[in-house]
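So the structure is just underneath, and the comments pick up after that.
Labels A, B, C and D are assigned to the chains in the order they are written; within every chain, residues are numbered from 1.
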Amino acid sequence: MTEVRGLATASLTKAFGGVVALDGATVEFRHGQVNALIGPNGSGKTTFFNCVTGMIRPDSGQTTYRGRDITRKAPHAIVRAGVGRTFQLCRVFPRMTALDNVLAAVRPAGLPGLLRGARARTEVDRARGWLTRLGIEHLADVEARNMSWGQQKLLELAGVLMGDPETVLLDEPAGGVNPALLDRIGTLVRELNAEGRTFVIVEHNMDLVMSVSDHIVVFDRGRPIAEGPPSLIRSDERVLGAYLGV
Amino acid sequence: MPSGALLFQSVILGLLLGGLYALLAAGLTLYFGIMRVVMIAHSAFLILAAYLAWWSHSRLGVDPLLSMIVTVPLFFGCGVLLQRLLLARLRPVTLTMMSVLLTFAIAVTIEGLLGYAFTGTQRRIQLGYGSASFGLFGARIAVVKLIAFGLAAVALLTLYLLMKKTTFGWALRATIQHRDAARLVGIETERIAGYGFGIGLATAAVGGTALALDTTIYPSLHWHWIGPLMAIIVVGGLGSVPGAAMAAMVLGLAQSLLQIPLGTTWAQTIFYLALFATLAFRPQGFFGGRLAQRF
Amino acid sequence: MTTRYRRMQWMTALGVTTTLALGACGGGGESSTSDDSIVIGISLPLTGDFSEPGKGVQRGYEAWAKITNENGGLLGRQVELKILDDQSNADRVVADYEQLIGQDQVDLVVGPFSTRLVVPAARVAEEYGMLFVEPAGAAKEVFEQGFKNLFYAAPAVANDHYNHLADYLLALPEDQRPKTAAYAAMDDPFAQGTAYGLKEKLEAAGIRTLVNEVYPPNTTDFGSIAAKIAASKADIVVGGSQYQDGVNLIVALQQLQYQPKLAAFSTAPTNPEFAAAIGNKTEGILSPTGYAQDAPYPSNQEFVQKYTAQFGSAPEEDEANAYTTGQVVAAAVTAVGCAEQGECQQKLVDWVRNNTVETVVGPLSWDETGKPKGAHMIQQWLGGEIKIVLPANAKEADLVYPKPAW
Amino acid sequence: MAIARRPVGRIVQVAMVLVLAAAVLSFPALAPNPYILSAGVVVLNYAVLSTSWNFVGGFTGYISLGHGALAGLGAYGTALLVTRAGLPSFVALVVAALLVAALAVPIGFAALRVRGASFVIVSIALVLILLLVFQSWASLTGGSRGLVVPRPFPGLLRPEHHRVFYFLFAALLGLALLAWWLIDRSRFGLGLKAIREDEDKAEALGTPTFAYKLVVFVVSAGFTGLAGGLYALWFGDLDPVFQFSILTGSYMVLMALLGGVRNLFGPLVGALVVGIALEYFKVEFGDTQLHLVATGVLLALVVLFMPDGVLPAIGGLLNRVFRPAQNSIREVTAAQLRDQRAAEAEAREPVDAAAGRREGAR
């Protein structure tokens, strides 16, 4: 399993003014598994995500995916390389229907592809397939802004999956959702992982983290301080120290 | 090859002009820093202040400098109201775009009202010391230009001290740099933002008075100012007040010197060339200002 | 986007278009004026950049209509002006003349203000075959468009304004003649034309050009231009100016204590507010003018008198040019005996082309391009008053050269 | 959308297009005099301009105040190619439009690389710099003396000239609308709309946002250049002051916003309204500058209260007033949401969520 090198970073550093958000973070995620990234607030998890996905440029360091350097690539190019993501505060296109939200992730090839109708049969079927799988098919023609928070989170996930990424980064999938939905998301992650997708999840909800992940990386002050399977992390003193601030 | 005297004269004129640009660009930068708003109406208010100075001189017989006693507080109030009543109403998602349209609309409205009240005739304050000057190493410096420069310098210095030395300045800088963080440490960012706008507009009042001393004014003159000012704030790095002041001095000087070989019209293009070059090669500006990266 | 929403848009689009089409049907045909008066259509810049002179022209036309009607009208019919505002905009001026000729069916049209607006306006008149006498298109480009119906109702085009001054300077003895000159002109066909007319003649006579500056109409700070002129130490300075830019340039030159032997500026120095605007430091400034209130032409006295009674101040050049335009049209209408659209217009054109008209600015006649065959008088500020100094047969005082310090 | 695919909806739509086209095309026959006809040409010109503007403004949400400059470039380009290079009028028109589109690439590169504010600044600067250049470069452009464009059909009388150009403008409008419609329904259009909604998110879904924005800006510039060039051939006299006027660009924005930027026909309707309103202001406020005030106040009101357009706002209002039985789409959703809530039987934290989203948007 670990022969294939997936998403990895080397000495990633990023400072905002005087605040160092990432301090030489070197991480390698397990390809083909569900990875979790945890750590106290302000430990640099979201900045790490943003650097890895090209949304912000690191001051120094390197990101590789399957051995290829993707550090300076534009976000859309990183998506094309196979790494998709969701946002911490769930971002959907508010004034587009759910179906269009998902269809927006279609990546047309060449000029003819660009000019084809956005609602070509095959893509619509695929998009509806994802909506169905996430249980929001009945909302296909509803504008996203009229959907509930939980529905929007599912919709965002559907959009990311429509792009068929090999590796999916989820930024706080459990944030603000109810327990029933939380279970659904957990199950979904396991299912999709079984189908061959790698996950990296930033999450505060320890129940979710411990139940779904195979491998956990703990962040503190902009760098990883521990990693290992859930059982190990649960008993790691450094992790406890980081969370309690001692 | 232009003579040394002409070069020296041009440098002096350029510095005097750059001072005025610096003051006005500082105001424009302040708005951008506070709310990410490109305030198109800034120069319209500038012309409005100039008209008020002209009006108080020609109709009331008051020295134009005294008109600032009224215009500066008045404009401060306008700025606060503008921010609180109009700009704060806009949806945050589309704020940048819609605020441009809104301030554009305000600029057009002011231009129309000025035209209605004072007609399109070009106006100029007729001062007793209008053509007085004194010599400096072979160059001549007009008294009115020096007064205008002095006004700009004093206003800029006041702004600087206000920003650096007072509690309010601290709150304002915090609001500009990180609004959410500022709110967390107990700053009422909405109120501070309103005051910041007021101060920005007050610079237009001072600048307008300075402008009225030595140039002609007419209602549509503001278009002539907004272009160079926008170029200055981009070159200086959007959101950076010292950057804007530096860029203003440099570009003002460049404009003045380029007039010797190129003539008045072509010399003005330096602002826009600098603007395009900055955006194409160094979007964050040349004098600091990290905000620009995101906008 | 819902279907209903879309449909709404469609309905509105359809509705508005239909309304417009219906409006078009109803809007035409009727003319608001009574049949027995002669309606003269004019578009003027009453707002916008040219509004100040535009209003002067308007007063001139109104004075002419009033005086003409008091004297019994034209062909026994009353004269009625229909004035539209073109907002100093070329799109508008064309639309206005389209409206005046096509929809309002006016009997005659006369010209607008500013060269920039005259050419597009003249094209409309030309293509509808209307006589087009105009008070303001003085730049030579106006007469290079091949217009056959256009006539400029003033003594001379811009390039000829300084002709008398050029003759005077070139007639000076060799040792007194200026050697060098500096020119600054607004980027405007009229203003530039005046300065360049003189420049061409002086350059041909060997007077070197040291500075030749063109500034855009919106220039407000003349410090740099003045610095260049002052640094050149040219013997004479010539400004191709309108009003305010001329004032600014003179003040900026005075700030630099530049003292030329001769300073000539178009338009600005003849303005009644000029002396006050530059702090009364006017001594020796020259200016060409096409009109003088005390000029001895027969109709001028009536004009000045009645105009002053009507508006409370004496007429200036813009007003006089508009009045002159009216006089030219009136002369043609009276001689030909008709005033309506159609064949009559060509007769009017032919008459104006072949005759000389007595006006408040003197007798006027035109060449085949519509260019008047005259020259401007030159005035000079002497002892706080502006006086005619050239040509010799009209002078009120002698030209002072070199001029005293200002 | 789902309903639109039903055959009846389709037929109604097609019928409406035909009626609309018939109304536009029959106008010259109904116009009682050349003046009305020329006014029709002006309105069509506005409509083409604002539709062209809407390629950028409507799809991506980037507001350009400088499209007037692109039209001016098209006009001067056409005129100069005719007078200096001796090209036939309509060849010159197409070449000029292509040149404008090509020039839009570096302009777009500088303007679109960074977000929002700099785009507006560049768009305004574009107008001001081109005014300076065309004014100063008098040896090429004629400067303030203006440039006369030879008539493409020298034999035509003026009313006929208007008639021919009315149809030419109508054809160009049709072309622009067709292109807008094609993009609107394409994947490209969906990507652009995603950019309008949330640019970061679109990028994170794999849309090359910069390339998309640049392409649509170039398309928009091309159509604007065509409109400007056709105007030059129709009008015949060019002057930098009028061609490179900041007001032209602002009228385009006003027209598109009034009609609604998300609609195919929004800018067309806006052009009709603004065209008539400008006449009205002029008549009403006569020889004062109040027409500027009216324009400014109107724009401010639209921006503050009806940023989606006046007609959509009125449409929404009418819908609520006259069809209370048939719920609006929003109410349908609310109902569905209630069902959803009942099904999940769970209290949520919509307030926190909404607050969180606002923070995120800043």
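FYI, a residue touches a chain if its C-beta (ideal position, glycine included) is under 8 Å from a C-beta of that chain, and two chains touch if they have at least 3 such contacts.
Keep in mind that what you see is a predicted model, and the values were worked out from it rather than measured.
The fewest steps needed to get from chain A to chain D, moving only between touching chains, is 1. When chain centres are set by their Cα atoms, the one at the greatest distance from chain A is C. A count of contacting C-beta pairs for B-D and for B-C identifies B-D as the more extensively joined pair. In this assembly, the C-alpha centroid of chain A lies 45 Å from the C-alpha centroid of chain B. If you average the CA atoms of chain B and of chain D, the two centres end up 32 Å from each other.
Averaged Cα coordinates give chain B a centre that lies 37 Å from the centre of chain C. Centroid to centroid, with C-alpha atoms defining each point, chain C and chain D lie 38 Å apart. In chain D, 1, 132, 135-136, 288-289, 291, 329, 359 are the positions where the chain touches two or more neighbouring chains simultaneously. Contacts with at least two other chains are made by residues 47-49, 51, 187, 214, 216 of chain C.
Listed for chain A are no residues, as none touches two or more other chains. Those residues of chain B that touch chain D in the complex are listed here as 32, 36, 38, 40, 86, 89-94, 96-98, 100-102, 104-116, 120, 179-180, 219, 223, 226-227, 230-231, 234, 238, 263, 265-266, 268-269, 271-273, 275-276, 279-280, 283, 292-295. Put simply, chain B touches chain C in their complex at residues 2-3, 5-6, 9-10, 13, 16-17, 115, 119-122, 124, 126, 128, 130-133, 140, 142, 145, 214-217, 220-221, 224, 256, 259-260, 263-265, 267. Put simply, chain D touches chain C in their complex at residues 1, 3-4, 9, 12-13, 16, 19-20, 23-24, 26-27, 30-36, 38-40, 42-43, 132, 135-136, 138, 143-146, 148, 157-159, 235-237, 239, 241-242, 260, 262-266, 268-269, 272-273, 276, 282, 286-289, 291, 311-312, 315-316, 318-319, 329. Within the complex formed with chain A, the chain D residues making contact are 1-2, 182, 185-191, 193-194, 197-198, 200-210, 329-330, 332-334, 336-337, 340-341, 344, 346, 348-350, 352-353, 356-357, 359-360.
Considering their complex, residues 61-63, 65, 106, 109-111, 113-118, 120-122, 124-125, 128-129, 132-133, 135-136, 246-247, 250, 253, 257, 288-300, 303-304, 307, 358-359, 361-362 of chain D touch chain B.
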